[in-house]
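Chain lettering (A, B and C) follows the sequence in which the chains are written, and residue indices restart at 1 in each chain.
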Amino acid sequence: MSYLELSERIDKVFGHLELRLSLRNGSVDAKFRVVHDMRLIEAVIEGRKVDEAPIIASRICGACSIAHFLASITAIENALGVELPDDIILLKESMNKIQVAQNNVVHLFFLALPDYYNARTLSELLSRNPDLIKVGFKLNNLCLQVVELLAGRIVNPNTYRIGGFTKKPSKDKVEKAVRILGEAEKLAREVVDHVTRLELPELVDPSPVYLVSESPIGYLSIGDYILSSTGEKFRAVDYPKYISEEVVDYSNSKVYRYNGRVFYVGSRARVLEYGERLVGLEDYVSSIVKELNNPYANIKAKALEILATIMDVKEKLDELKDRDLRLRTEYTIRSGEGVGVLEAPRGLLIHHYRVDSEGRVVYANIITPTAMNALHIEHSAMTLGKKIVEGELDVVEAKKYLSMLVRAYDPCLPCAVHVVVKQ
Amino acid sequence: MTWTLMDKCCNRCWHSPEYPCRHYIRCRLSGPLCHEDVECRVRRSRRLKEIRYGRHGFKINVPLASCTIAAGAHEVYEAVVKEVKSRGILADIHRTGCMGMCYIDPWIELSKKGMPSAIYANVKPSDVPRIIKEYLEGDVSSAFALRNRTGNAKGEDKVPLLDELEPWRNQVRWVSRNCGIVDPESIEEYIALGGYRGLDRALNMRPEEVIEEIRKSGLRGRGGAGFPTWLKWKIAREQPGDVKYIIMNADEGDPGAFMNRLLAESDPHRVLEGMIIAAYAIGASKGFIFVRAEKPLMAERLSKAVEQARKYGLLGDNILGRGFSFDVEVILSAGAFVCGEETALIAAIEGRTRPRQRPPYPATRGLWGKPTIINNVETLAHVATIMAEGWEKFAKYGTEKTKGTKMFCVTGSVKRTGAYEVPVGTTIEKLVVEIAGGPPEGRKIKAVQIGGPSGGCVPASLLSTPIDYETLQKAGAIMGSGGIVVIDDHSCMVDVAKFFTSFTVAESCGKCFPCRIGMKILYDILEKITNGEGSEEDLEVLEELGNVIRSSSLCALGGTAPNPVLSTLRYFKDEYLAHVRSKRCPAKVCTKLVEYWINPDKCTGCGTCARNCPSKAISGELGKPHVIDKSKCIHCGQCYIVCPVGAVEKR
Amino acid sequence: MVKVYVNDKEVEVGEGSYIIDAVIKAGYSVPTLCFFKGIYREASCRICIVELGNGRLVPACAYPVSEGLRVYTNTERVRRNRRVILELILASHKIKCQSCPRKGGFCQLLDLAREYGVEGIPVCAECPLHGNECLLVRGEPCLGPITIAGCGSPCTREGTICIGCRGPITRRDVLVEAARLYKEHKIPLEEVFSKMKLFWNNHPSLDKIYNILLETYNGGEKK
């Protein structure tokens, strides 16, 4: 086989993308093409008032609007030097966590799982395995209810502004959330039991370097540092020194390298880094941790995260429901620079703003997990390509595995395309 | 007081309202019927002759109706009285109603035994001595028309007969037969010309038979909607209960329509007779005449007619001894266009204001909750005539679906303005061009607006449409009460639509939203368009909104109010487009879209325009041509009006 | 009993009933505004129009039923007419939702405007102010007074300002009233404009809105 070009438009992902794999005389090349139009969100944000930036940022993505909103607002709080009380941070993190759980449910059930049951679409899977999908729908619904209770509405949160929450959540609300989460926990356990037993295609991570935002305590909390699998730890503000960006001509998304290396962000990284902190889930962690050098194993890590975050949020809310909370703090407008990093459902998310003394954003930079993963997806696909070259896979199977691979990363393309080429 | 036909011939006659005689009406003309007495008979026939030819063999008819009075008939009347007195001749100066030919108002008619009756047109008080002198000398050459020829008078051949005149020849004078002939304030004359025969005949029949007679005649309501009159009556007759009402709708409100006024002023007894017949047919015991206070003469004559009828036992208890009791009350209305709508009219009599949702129709639930019939003046006049003449003669005229004749008031840009009665189904062209004489020289008919503010514009290309309820509806207009406004090429159709819309906006009662707010918005948009601020989207809004108002308004006022806009939009879209696209008024009517300029060849430099210009846009030295500064001009058109030599031109 | 067909569904109602009784009995609904059973049946608002089998549009609240009557409550034509009627009603309605006692979920006009997609009523009408401080009073540049209602005001409910994501109301009286409110609460218009640019940057009437707001804001108590 001297020449083969596989060009796949991947379905069942957020947005539109094309993965082009070309095999030529034994050499393999993969291109991860984001074909969305550019959205130029950063340019829209620049020149706006600080309180408007998060509003716009949350519109980057409908699925993970809370992550963008919180990253943006954290960056601005850092820039303005706002000191937040613990209660605010705790609720803020809960908001993020429950959204991670909800996003993971959507990804697992509606995008990733059909492949594992040889179903082309969700409806095909639904007719063949209705009980499983019903669990998914139920779980998604429950998570969304909690999201709505905490964030005000399902997308584009409106309970939080710079400096804290607008209202104290009533005891009824919190109790309701706890009750719902209790229900969700049971379902989530079923899901984890089920997913961890799935057979994955075999593949070895070609570039086992990952970045993850620091969680000072517990899992998925918001910290100021970024950790790498190489053991390096650097302040979020210093990210430009470590993460280099590059514009490629074939895609509407930028690509990123960490210290010149292709790296990965996402659920696998989080479980690898903080898996040991998941109290009560040690069995699950140990059962999947061996597999985690396989990119396909992302779905197992995601399943585990669903349970972990639901348990975590439930515990936290239960704890604070009887407390008198301090949810608002004052701030003053001043000039400054701030970076907000947090773990979005798809991995590390960086928002970086510079604010002038009148409270206007003069510089904005947003790095989304999908953009950071772009190169990693290409490299994984190339590994798959090599298997074809070596004759381990036939082309029809390869096509299927290729889509499954991309889906395992759960890319979100609308998030990835706000490229601005700075002169 | 002279003895009249209505009085007793001798003491053997015993009729009175308390003890009515069955043969009272027939007895008046061919009486006395109850006793044989040559003297009484001679007395009656002599009086009849007197009425026809005047007591002294010389009769001068002067029409006194609102329209002729406005044209100066009062002064003419006084001049005639003065002239007759000063000449010392014996003559009957006789008041009549109007003939309907408004363009010859005021006219007088002279008739002397042995001489042809001559009609003189456009008489001024100063002309009266000359006319009477000439006529008495046997010279009729200056007359407008003659009713008959005798061969005795000078110049007879040069003057046309009335029957030969275009506007007269093509008419069928059915309900308006007495107009311009009888004295409207005299019941005697009406009876002498065959009046109240219809009532007499009807009372000899059972009510069902009367309804059947009307059904056979095919009479439909002349008020506008064209609902079969007999059906309305039948529904009301079949309603249980003793108390029923009849209302005569004499609240004519369309601008440009005056046939009801003309009929009620010139021949009020015919209308009243029709009302009594209708009341008998449905079993009503009380009737109301709802008449406009703004038409005082009409109200006065109707009241007088009612009084006279009551006096001679034609109204009241046990009419003509047939056991039927009926009385009429005249109610002056405050003059609202919406009262043309039945339920609003009823509400006005009850002391409320607005129309209500139909059904229930008034025929089942009307005035004070009782079955009520509302008929138009003209319809009732038709009823009286049909009952007197029989249905066959009436049904001879008209089309398949609509029988009989209809009066139309032709106004606007025509040579012979007036009210003309023609068979239904006559083409618009015949009515407007042949009878009314078409537009003045040098102008062309652009459209004909039929049916008043609720009607629509029919373009010149559809002039051959026969006037009929159905065909007009298809053409986007309605028959309405029969007002026809002829629009020539000097008029802007958008402006016409705006005029009619402004009328309905003012007359909307304000009860339902589509009419109250919708019409106002239509008007605002039209104003925007005539000011040159319209866009093509506005035309779509006009159409959409117009259709909604039409289909979802509460009463017929709102249901027909957008017709002028919709019909002009349908037939004259290009004019609308010229207004919105190139901001130009093709007829040069909308002042904001017209550019004024001074033709230097004509301008004498008098400076009148410059003095009258409110924005000081005109400059120039005295004696030299002036110029208009376009940047200052506010398009008021004042210079165009004041220029004594017509040098200001539009372009 | 009279047999009536509502949207082709057969239903029997007593004699002397009105279409609306039949419609309700058949399990359908028509919107009403002026109708109050037993008190007011004048059919003046016309919002309850339905289409009859013969194509006529009649108000359901005041049209008596007759044997075999066919009624259609939700045809294209009915909806189009209702929409225009609603626009007319709103055009004549004094929109001062901020001081209206029916705000916060009791406004029938608002429900209808939402159902038929008619602009006119601002978010203030549904911003449930019960026990909730108006954000304008706090001095925040809330776009509630000039944004089309219909979202259920999730933002103001949670205490964050309305950012106008449903688009602006372009009616002059609403804007004038809003400018008056902004002035009363001493909210600088620049902040309001800044918020307006979030979603309405390309709105064709943006300049007009700016001008009306500015005019009224700076125009003092001129009426």
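Note that in this section a residue touches a chain if its C-beta (ideal position, glycine included) is under 8 Å from a C-beta of that chain, and two chains touch if they have at least 3 such contacts.
Predicted model only: the values in this text are computed from it and were never measured.
Chain contacts here run in a simple line, from one end chain through to the other with no loop closing.
Of all chains present, the one whose mean CA position sits nearest the global mean of protein CA atoms is C. If you average the CA atoms of chain A and of chain B, the two centres end up 84 Å from each other.
In terms of their C-alpha centroids, the spacing between chain A and chain C amounts to 41 Å. The distance from the centre of chain B to the centre of chain C, with each centre set as the mean of the Cα atoms, comes to 46 Å. For chain B, the set of residues touching two or more other chains is empty. Across the complex, chain C is touched by residues 356-357, 359-360, 511-514, 516-518, 521, 544-545, 548, 551-554 of chain B. The residues of chain C lying in touch with chain B in their complex are 42-46, 49, 56-59, 62-64, 77, 80-81, 84-85, 88-89, 91-92. Listed in rising order, the residues of chain C touching chain A in the complex are 154-155, 157-160, 163, 191, 194-195, 198. On the chain A side of its complex with chain C, the touching residues are 48-49, 52, 55-56, 152-153, 158-159, 161, 166-167.
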